[in-house]
Amino acid sequence: MDFRKRYYSKKNDKKKGIDPAFLLDAKFEAGNELVVLFGRSGSGKTTALQCISGLLEPNGGKIIVNGDIYFDCHKRIDLPVQQRSLGYVFQNYAIFPHMDVKKNIAYGLKGWKPEDKEKRVAEMLQMLQIEGLENNYPSQLSGGQKQRVALARALAPKPDILLLDEPFSALDMVVRMKLREKIKEIQRELGIPILFITHNHVEAFTIADKIIIFHDGRVQQTGTPEEVFYNPKNKHVAELVGLTNIFEDTVIEDKNEASGILKLKCGNLELYADIPDSKLKEKVTWGIRPENLRILPLDESEKNQDNTIPATVKSIVNKGASKVLALKIAEHRNLLIAELANQFFEDFDIKVGDECLVKIVKGKIVIF
Amino acid sequence: MDFRKRYYSKKNDKKKGIDPAFLLDAKFEAGNELVVLFGRSGSGKTTALQCISGLLEPNGGKIIVNGDIYFDCHKRIDLPVQQRSLGYVFQNYAIFPHMDVKKNIAYGLKGWKPEDKEKRVAEMLQMLQIEGLENNYPSQLSGGQKQRVALARALAPKPDILLLDEPFSALDMVVRMKLREKIKEIQRELGIPILFITHNHVEAFTIADKIIIFHDGRVQQTGTPEEVFYNPKNKHVAELVGLTNIFEDTVIEDKNEASGILKLKCGNLELYADIPDSKLKEKVTWGIRPENLRILPLDESEKNQDNTIPATVKSIVNKGASKVLALKIAEHRNLLIAELANQFFEDFDIKVGDECLVKIVKGKIVIF
Amino acid sequence: ADTNTAADMDTEKTEVTTITVSAAASLTEAFTELETAFEEENPDIDVNYNFAGSGTLRMQIEGGAPIDVFASASQNHMNILSDQSLIGEDSRKDFASNTVVLITPVDSELDITGPEDLTSENVGTVCIGNPETAPVGKYTVEALTEAGLWEELESKTLLAEDVKQVLVYVERGEVDAGFVYSTDAATSKPGTIEIKTTVPTVTPISYPIALLDASENKEAAQTFIDFVTSDKGRTILESYGFTA
Amino acid sequence: MLDQIGFPLVITLRIAVLSTFVVALTGIIISYILARRDFTGKWLADILVTLPLVLPPTVTGYLLVILLGKNGVLGNLLYNITGWTILFTWEAAVIAAFVVSLPLMVKTTTAAIESVDREYEYAAFTLGRKELETALFITLPLARKGILAGIVLSFARAVGEFGATLMVAGNIPGRTNTMSISIYSAFQAGNNELANMLVIILVIMSLLSMAITAKLVNSWKI
Amino acid sequence: MLDQIGFPLVITLRIAVLSTFVVALTGIIISYILARRDFTGKWLADILVTLPLVLPPTVTGYLLVILLGKNGVLGNLLYNITGWTILFTWEAAVIAAFVVSLPLMVKTTTAAIESVDREYEYAAFTLGRKELETALFITLPLARKGILAGIVLSFARAVGEFGATLMVAGNIPGRTNTMSISIYSAFQAGNNELANMLVIILVIMSLLSMAITAKLVNSWKI
């Protein structure tokens, strides 16, 4: 897949040669796997799905799914939506308001025998836990129920490719977990490509075979969840995957064994990091995930260890299973954010205002 | 607040005396604090907000906000929506399709001076990070952008009560985190009640002053996030707050110091737990959060400790910052789910199929 | 220049009375010319016409329309008003008459010279006015009945709501023959119809005119009626094909 | 008297129902195309369709006579092929009713279809449904309020149609005298009693038919 | 000739514009009430509004004459108060046009308003807007496609109106001879040249006006 789509804010802008308001330039591969499209709101994920589905005509490039050319700008191919055998869950569901749940779900089952239809609908109802609602009209459904009807409708005809635009956004965790499993199962069973948009980190990480990061209409990085989450390529990706501690510093020492030394800008602190290839005196952006920071008691013996710096606790927020600490480092403007399992606090009682040591684990530092 | 609302699947059902398809029976208090409504999809959260807003007329009960009677069945009071001074973010946004972003946001600013309006709109645009989109029409916005416009529109007039129906569901984590802070800030600044619906655990936990758990139209539990998440009152709440390990067993020994002993049903294992008041031979449902399970190496010396049982690892799923283990306990049908920070696995290498010990921390066991 | 000043002085002196005359549509052109002559003679009276089918005019009067004079194309409508005492009986006069003619399309291949030829099998549809709504139809039916042809012809007749409709059908060759007033035949598109013969009618076709009882300008209205029935008026009407 | 009422009633119903049926069908097709397609000359089509509305019915009738008469373009063709002249038959009245009520149907339905959110159509496309199926089962049912309004207006107009009908169908007692024409005749003849009776029957008939149509269209959820 | 065309053109435009304006206003109000309110006798209101459509215009005209004439209920009242008879004035033509085009406006607009998602109105309510404001700035703009269709239909109908107008306003040259009536007269008098000319002008005028209306209404986003 490699296509472009331009949006203009006014119709005439195109003719007038005004720059488009938004330009999507998407280039990625997706095999028969579950691909998560991940990106900021407004980065072009929905637009990408719409181009693939054929609901939007790209301005250029080509879209090939499993060898079938869906769209090719040069060969002037533009397969009609109907022939693409899609299952598409729209971000706003778009379930038919004049049909009840049953009819909505059965709508894609064209040419099926009535009893097969019946069976398939029942299967879907059960899978999505909306049994008992089959005769409700959309106006009689809750938000999450609507979303599940949209999912059921898209899944029912066993399509050749699934495009899911934030399909679980309105669902509670219990259904959501079950459905994540189901979607993975369906992917394995049917061996089809599934493109999945989500804003949920855990969802992206657990469900994806591959994650594609969008930013401002451009693909920034592609890779397995581990690659993308643990080794973001640039600042945008890093921010997106929750690598909250991002700094910019200068390399002050270059080691032979292909690792360098970074010096924190506003201080006299020196940090060691593994950098594949960096140049002396070069400015680099580096970061570390909050859960990769270690907190130690203010113990003089540890103080002089590599990458261990004193800090003051500015705030502690309980997230349920873990706590997030904001740490002020001496002479540094930005706060360091650390996340630690609640269990940790059982052994180590720390409160706002306390002083402690932060260890920035060398191997976990990411350089962009 | 204490009101009832019945939905009938057909109009005539009411007259015919058929049971309503759905009955909401909500009874809760909400002061000037941030209250999260938490519950399964279809449990009546949106319905509750709609009753409070006045868009639905409850079938009975009363709704009093800050001393103002919004609705009282007996006194026949039903304050018009317009006089309730609400900010309501609809689950499906409902932003006006024929107005651009600016006009949408300014729509509630009736009677403001033009320059004040202008200023407030600019403020909102900036706060919600949708600057540059002010002249776009809703059809030219992405899902998340629409949601932010809906939020901006509701917040702009500085209402006396905020009703937010999954206001962040379509937003990426970066904006979401900022907006969580903003909403808390607004609550503190204006000192108004905010009712907030979300399906996100972390969001509920971090943002809420108080959580109200809905299940099937009824309020199950009310309390601080800690109370609700760590001490769910019943199975429904437990499931909802992610207390995934739930079992039913019989109390086989009752200790004097007000704690009992539980015996796992299908095994010869004995577990100790703190139970406030339990009766011998009584069946109880108990559970433990996944992050409160400890995994230890299969070390004979530990084996005979209290609440420590051998188990086999069935699956390991990486969630990004932590891993979820499914553990098979000898002779027990259900799997135990444990969640451990990734950091833990650095010291302790465990793979699928490995045997290990699970420690069910006594103090963390919850009895319903 | 003299008359001008006289007229100017007149307008200053006497107030102009406006009268409304409802006249049958077939009188449109004749009455329009009549107005100029009349107003020249009576500068203190301004005539407004209201042209429509006689039936419509009658219904307007029944409904209480502010009309001063009614000039009908049929006695029937005048009679209906008379029965309701809506007209001034004394003022009722016949002021013009007309004749019914048999017309055919100009390219007609049928050999039609008179009404009796219409019974021939070759003749298809014959168009006549609806006797209930168009006076011409009533006269036609009477004439055909008198000639003993009506029973035979009735099945092939097509009723038109007014004379113009008959004319259109004949002009376009949609029917084989039709009966219209001679005055209407004169207005047809040149070279489209052929007048075969004048049909003798049982009752003479006379146009009655009368003052309306509800008129608030009876004097001026009577002046107008007098003018229409005067020699001057007659001459103008005759120039448009009406017979006196 | 029964005869004076019975026949006009039957023929009027027949003409109105048939013409409304045809108007609804063609109107929906034209409206769909106008609402969902872009083509050069769209404005022309729009104008042609609206035209019969601004012309006095008699003029429309006259134009139809010119078109359908023995010597008219269409009429001549028809005559040469079938030896049949449509003028002065009740079928001609159907055509007249069709022409005068089509604008009502098209304008109303086009607006209704344009107001249907295209998202639903797209959803149907992704479910493998062709445009025709989508139009039938998604677009039109969603536009049914407007379509119903169009049908009711067209039916009422067909029933009340008078000027153009008179011109093309004539008034052949026992063949083409519709209610409207009969009422007109009765009024013109000063037979107010009959006229009033006919008006009452016409009104009752129209209301009944409209109520039935409304029921039918509103239940159209397919 | 200019006089034979100029006056009818002006008077027709004046009548059509005025009546369309009044029809649009009252039609929108009636439609809003029909679409958004439940009351006993709603069906009756619905019927009364649709009625003028099924009656032949001449009959409608006749009923209006009876109502507005000196001896009519309204006409008598008016006469007693002002000493003025509305019959046979251009104002009467406005009333006739109003009556015959109101059903078109109401049916079309009611359908359009009913199709507007109430959610938007609710949103406006929560933002403190009264129902009237909401109707003006939310409901009606969202229904504007249907409203436009209604206005165009009403305007066209007012321009083309003939039967009822002739009945209540008469055909008084220089005072009430509208385009339609002039065309009819010219046609009756066999003055085909004038008739054709008038038809062409009528058509052009209507199309222009409709185009302008469409522009106006479509830009109505407030």
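When the chains are written out, they are named A, B, C, D and E in that same order, and each has its own residue count from 1.
Operating definition for what follows: a contact is a pair of C-beta atoms (placed from the backbone, for glycine too) under 8 Å apart; a residue touches a chain by one contact, two chains touch by 3 or more.
Fair warning: this is a prediction, and the values are worked out from it, not measured in the lab.
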Number of hops, subunit B to subunit D, where each hop joins two touching chains: 2
Taking touch as defined above, what minimum step count separates subunit C and subunit D? 1
Higher C-beta contact count, C-E or A-D? C-E
Can you compute the centre-to-centre distance for subunit C and subunit E, using the mean CA position of each chain? Integer Å is fine. 33
So how far apart, in whole Å, are subunit B and subunit E when each is placed at the average of its C-alpha atoms? 56
Note: subunit C sits from subunit A at a C-alpha centroid distance in Å of 88
Among all residues of subunit D, which ones touch two or more of the remaining chains? 62, 181, 184, 187
For subunit C, give me the residues that contact two or more of the other chains. 56, 59
What are the residue numbers in subunit A that touch two or more other chains? 92
Going by the touch rule stated at the top, which chains touch which? A-B, A-D, B-E, C-D, C-E, D-E
Per the touch rule above, subunit A residues touching subunit D in the complex are 53-55, 80-82, 84-88, 90, 92, 94-99, 107-108, 110, 153-154, 157
For a test of understanding, state which residues of subunit D touch subunit A in their complex under the given definition. 117, 119-120, 122-130, 138, 141-142, 221-222
Per the touch rule above, subunit B residues touching subunit A in the complex are 7, 9, 21, 39-42, 46-47, 91-92, 135-136, 140-145, 148, 165-166, 169-176, 199-202, 205-206, 225-226, 229, 239-240, 242, 289-292, 294, 317-322, 339-344
Along subunit D, where are the residues that touch subunit C in the complex? 62, 65-66, 69-72, 85, 87-88, 166-167, 170-173, 181, 184-191
Inside the complex, what are the residues of subunit C that reach subunit D? 53, 55-56, 58-59, 76-77, 80, 125, 127, 130, 132-133, 158-161, 165, 168-169, 172-174
